[in-house]
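Remarks on the structure that follows.
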Amino acid sequence: MLLYNARLAWKSIRRNPVLSFLIVLGIALGVGVSTTFITAYHVLARDPVPGKSESLYYVRMNSWGVADDPFLRTPPPLITYRDALELLKSPVPVRSTASFQSHDTVFPEGGARPFGQDLRLATADLFPMFAAPFRYGGPWSREADTRPESVAVISSALNDRLFGGANSVGRTIRLGNHPVRVVGVLGAWRPRVRAFALFGSPLDAPEPIFLPLALAGPMELKPHEFQMSWRTPQPGEEKLPYASQLMLDEVLFVSFWAELTDARQAETYRHYVDAYVSEQKKLGRFPHPLNNRVTPMLDLMDELKVVPPQTKALAAISLLFLVVAALNLIGLFLGKFLARAATVGVRRALGASRRTIFVQHLVECELMGLAGGLCGVLLALLGLAVLNHVYGDGPQGVPFFRLDLLMVLAAVGLSLLAGAIAGVYPAWRICSVPPARHLKTQ
Amino acid sequence: MEFGPIFRSLLRNRARVILIVAEVALTLAIVANCLSLIMDTRTKLARESGFDEEHIAVIHTNPFDDHLRQQTVLDQLVDQDRRTLRALPGVRAVSNTSLRPWQRSGNITSVRIPGTHDEPVSTQVCSADPGVFETLGIAITEGRGFTEAEYDHGADAPPTEVLPVVVSRALANRFYPSGGAVGKQIGDADESQRYLIVGIVDRFYNPFGGSGNDERIIFMPARSVGFDRGAQYLVRTAGDPARLLPQIEKALLGVEKGRFVRTRTMVEDRTEFHGRDRILVASLNTVMALLVLVTALGIVGLTSFSVSERRRQIGTRRALGADRAAIVRHFLLENWMVTSFGILLGAGLAYALNFGIVTWVAGARLSPAVVAAGAVGLWIIGVGAALGPALRGAQVPPAIATRNV
Amino acid sequence: MLKMENVTKIYRTGMVETRALRDFTLEVEEGEFVTLTGPSGSGKTTFLNVSGLLDGFEQGQYWLDGRDVSRLSDREMSRIRNEKIGFIFQSFNLIPDLDVFDNVDVPLRYRGLKAKERKERIEKAVTMVGLSSRLRHLPSQLSGGQQQRVAIARVLAGDPKLILADEPTGNLDSAMAREIMDILDQVNEAGTTIIMVTHNPEHAARAHRQLHIADGRMVDLERIAPFPLNRPAAMKSPVRQAL
């Protein structure tokens, strides 16, 4: 019976190709537009570290040291290098990492022209905390953090450029005046949001080089992104070695993340941070009232509006678009079905039950819904390709916006739903046409 | 015209009317809000910096060679670079400055009138050489600019010295609303440095560091160069700056090749700065266009059906004396009435949607003019979409009335 | 009132050419009641379409009310249909979305009459056909006979010179049919020319003149009852007076 219905539907679709095209086009546009923008929103708003983000907390504390505080309500977004080193010593979190972005020159072997690269100074825990995939090797050890060892984790793109994509673990790269040994090569890694650097440019790709945080002093690596300072260096301080200046300065540029297993541990950690600040107050730092924050990652992303709010508006608007498309569909189906009320009258007179007629028409709606949905998915692919083109792909060639299986299924489901919702009323109208009415005038 | 009968007949075709009304209403609500978002964003996109952007090249140099680690060498290099660039044919002016227009980068500081305890005012601040004003194409409207000597000395000046600075009108007005800022002092909020205002520029806009700072700037006479941050040059050209970029790079590497040189035009920077907003505007435009298309298709479809459903009725009307124009008028009027209901409902819906967007997302309040513009557009589209089917309806021969089927 | 000379009407469907009327010639005097019979496909409906200006024709000439209407524009034809001709159809052709009042109103709207005059005419016409209590009923709420009476009211309200009736009783039972015929008789007595196509010999017999059409030609021309020519226009009929 279903097959018979499908055949009837196909005949009816072919009988009026222009109209059928319009119907399919209507669904395709509705599904295509909404899938594109909902995917864009979904990609941006999605949990950047699935399964882990609930346990990742961002630490802020108000170390601003002058009376006029621009951070009256919320503490500054970053912390100082020296406070980061102290917090890293805390035994409370499972893992914790402090990191900042810097920049240096890579001198390739064989005398090729050097090139500048952004890099991130971090601790070894960053890789497991933010689920970085490795192609070769792995993160450096925690010992390498403290000693520190001159080691590096590099991106696969940089590995391709320097080593032709070969396993470079154990090889050496010259960064400025310093040789560093490669311990790990990352796999394809293009998180939608660079979660470890939510302040700054969170939508950029991860840096191509990672180094132990403690190398900042010896390698004289200075913060390259956002930094804030309230303290003017005292005369003579600028003559000190950079490593010592780092420890003295009240410059805010470090992002600090802690991995905490549950709310209770988070509470314990908050007390720990408060206790640390109270301790520092005794030393004359942190003149402002206690105002520290240990914020879960997803809350912080909301607070920072990492997902541009207009993206949300677009997603909402495109959902409404789907509603308009469905309304449109109801109208088109209604017209299409009622135009053949006479034929239906004959079928009814020949013994088709109301149910049969209903099912027959609903099948037709679903068929067209499905066709429209598939075209819609194609449109969405096109739309996302355009978005990818204008947003720019990640340096590792991983497209930013991808249509995952879930979204495809959702789109097809959506179109079936649209077909059903749009089809029910017209199918009901046509099946409740009394058989006699259209036969009488024949 | 026949408002009454058409209205009463519409009441008896509720399904069709409700569909078009709902479709038009939703479309208007969406279109009005899209338009509002677009206009909102476009104002931002259209905001001019006041600089001669079309003729400015932006050059970043980053030293990597060891001998450039010495600050004195870098300082000399900057002077040499400036001379070299100025000597290039087609170059009108050159400036070494840390001001980075449209680059989401720069410095912010807080200032106030020294000795007072007023709320400090945050402002952009940059180092610059005397040529910066001519290079940007902004005139000093009051007071004077810097001298080469002040520039040469600036970076090494001890904090105790009062630095001569040029500020934007927006910043000057913040402290001296009634004018007379030239000759007055301002100072860093932490008392570390004092500035003497020697000149004022009227035009300045660079979105950085929060909207309050967009029009506030302090130009400080000082060389801007370091091994880690490199040096930036702005080059004002007579013609298209893009054509001069290769020569500029070649000339600078000719002076010193132990560094990277990155050349761009200010227009490129500005375009990149607006990238997301432009995507947003393009997306909104696309959604709007497709939506209107879908709605128009829907109206065409529904009107076609109503025409084909009423062929006999049309024939009868023709037999009773309606000429073709009367039939077209009939359908257009009917459509106009339905569209109008939709528009009326849609205007309300537009405000409701806007309220939702403003409350939960972000954006500006809807202005009645935008809703009106959307309404007029939909009126035209709604009635225009009905024109085709109506014209086809007018072709129904009156003889159909005598057919007894 | 109506005069046709050698009118030929051709229908083309694809390659096939059908001559629905061949050299058709007819003259109907003002005030006459003429019936037209003929087998189906003989050209009755075509004759009605052509004489009612619903359709054009290829050859011949046609005068209506003394005016040559052989080659007119759509607008002129519409105007004549509206002002001089009234149609009564076998399937009534009331507009289903409009109630009785609005249905009768349709041709008056096209004539561009003032609201007050339209209202008077509608109410009189509907009263004449005995449906004044049903002004706000929809066609679907009326019986077939009532619907046809509404259709007649629609004609009467327009006060046409010529009524073309296409089997007006074809869809009705005999009692209702008689009612309709009585009304038509009254209208005719009031001076309106009527041409009626019918299958019913009894109804055909009520006319002044019976015509027979076959294969697109007039085959028989027989005067049934003496028709008083130049009958004075001032009528004693209650119908005319009511108008």
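Here the chain labels run A, B and C in written order, and each chain numbers its own residues starting at 1.
In this text, a contact is a pair of C-beta atoms (placed from the backbone, for glycine too) under 8 Å apart; a residue touches a chain by one contact, two chains touch by 3 or more.
Only a predicted model underlies this, so the values are computations on that prediction, with no experimental measurement involved.
If the chains shown are joined wherever they touch, the resulting network is a simple chain of contacts running from one end to the other without closing. Closest chain to the protein centre (all Cα atoms averaged), using per-chain Cα means: B. The highest number of C-beta contact pairs joins the chains A-B.
Per-chain CA centroids place chain B at a distance of 69 Å from chain C.
Centroids of chain A and chain B (each the mean of its C-alpha atoms) stand 25 Å apart.
Between chain A and chain C, the centres computed from C-alpha atoms are 76 Å apart. Not a single residue position of chain B touches two or more of the other chains.
Touching of two or more other chains is recorded for residues 91 of chain C. The residues of chain A that reach two or more other chains are 441, listed in rising order. Touching chain A in their complex are the following residues of chain B: 15-16, 19-20, 22-23, 26-27, 29-30, 33-34, 37, 41, 62, 64, 66, 110, 119-120, 122, 159, 188-190, 192-193, 228, 260, 275-276, 278-280, 282-284, 286-287, 290-291, 293-295, 297-298, 301-302, 304-306, 308-309, 353, 356-357, 360-363, 405. Those residues of chain A that touch chain B in the shared complex are 19, 22, 25-26, 29-30, 33, 37, 66, 68, 70, 103, 105, 107, 114-116, 176-177, 220, 222, 230-232, 308-310, 312-314, 316-318, 320-321, 323-325, 327-328, 330-332, 334-336, 338-339, 387, 390-391, 425, 429, 441-442. Chain contact summary for the complex, chain B toward chain C: residues 2, 4-5, 8-9, 12-13, 312-313, 315-326, 397-399, 401-404.
Residue ranges on chain C touching chain B, taken from their complex, read 45, 48-49, 52, 54-55, 74-75, 77-79, 81-83, 87, 89-91, 93-99, 102, 105-107, 109-111, 138, 154, 158, 166-167, 170.
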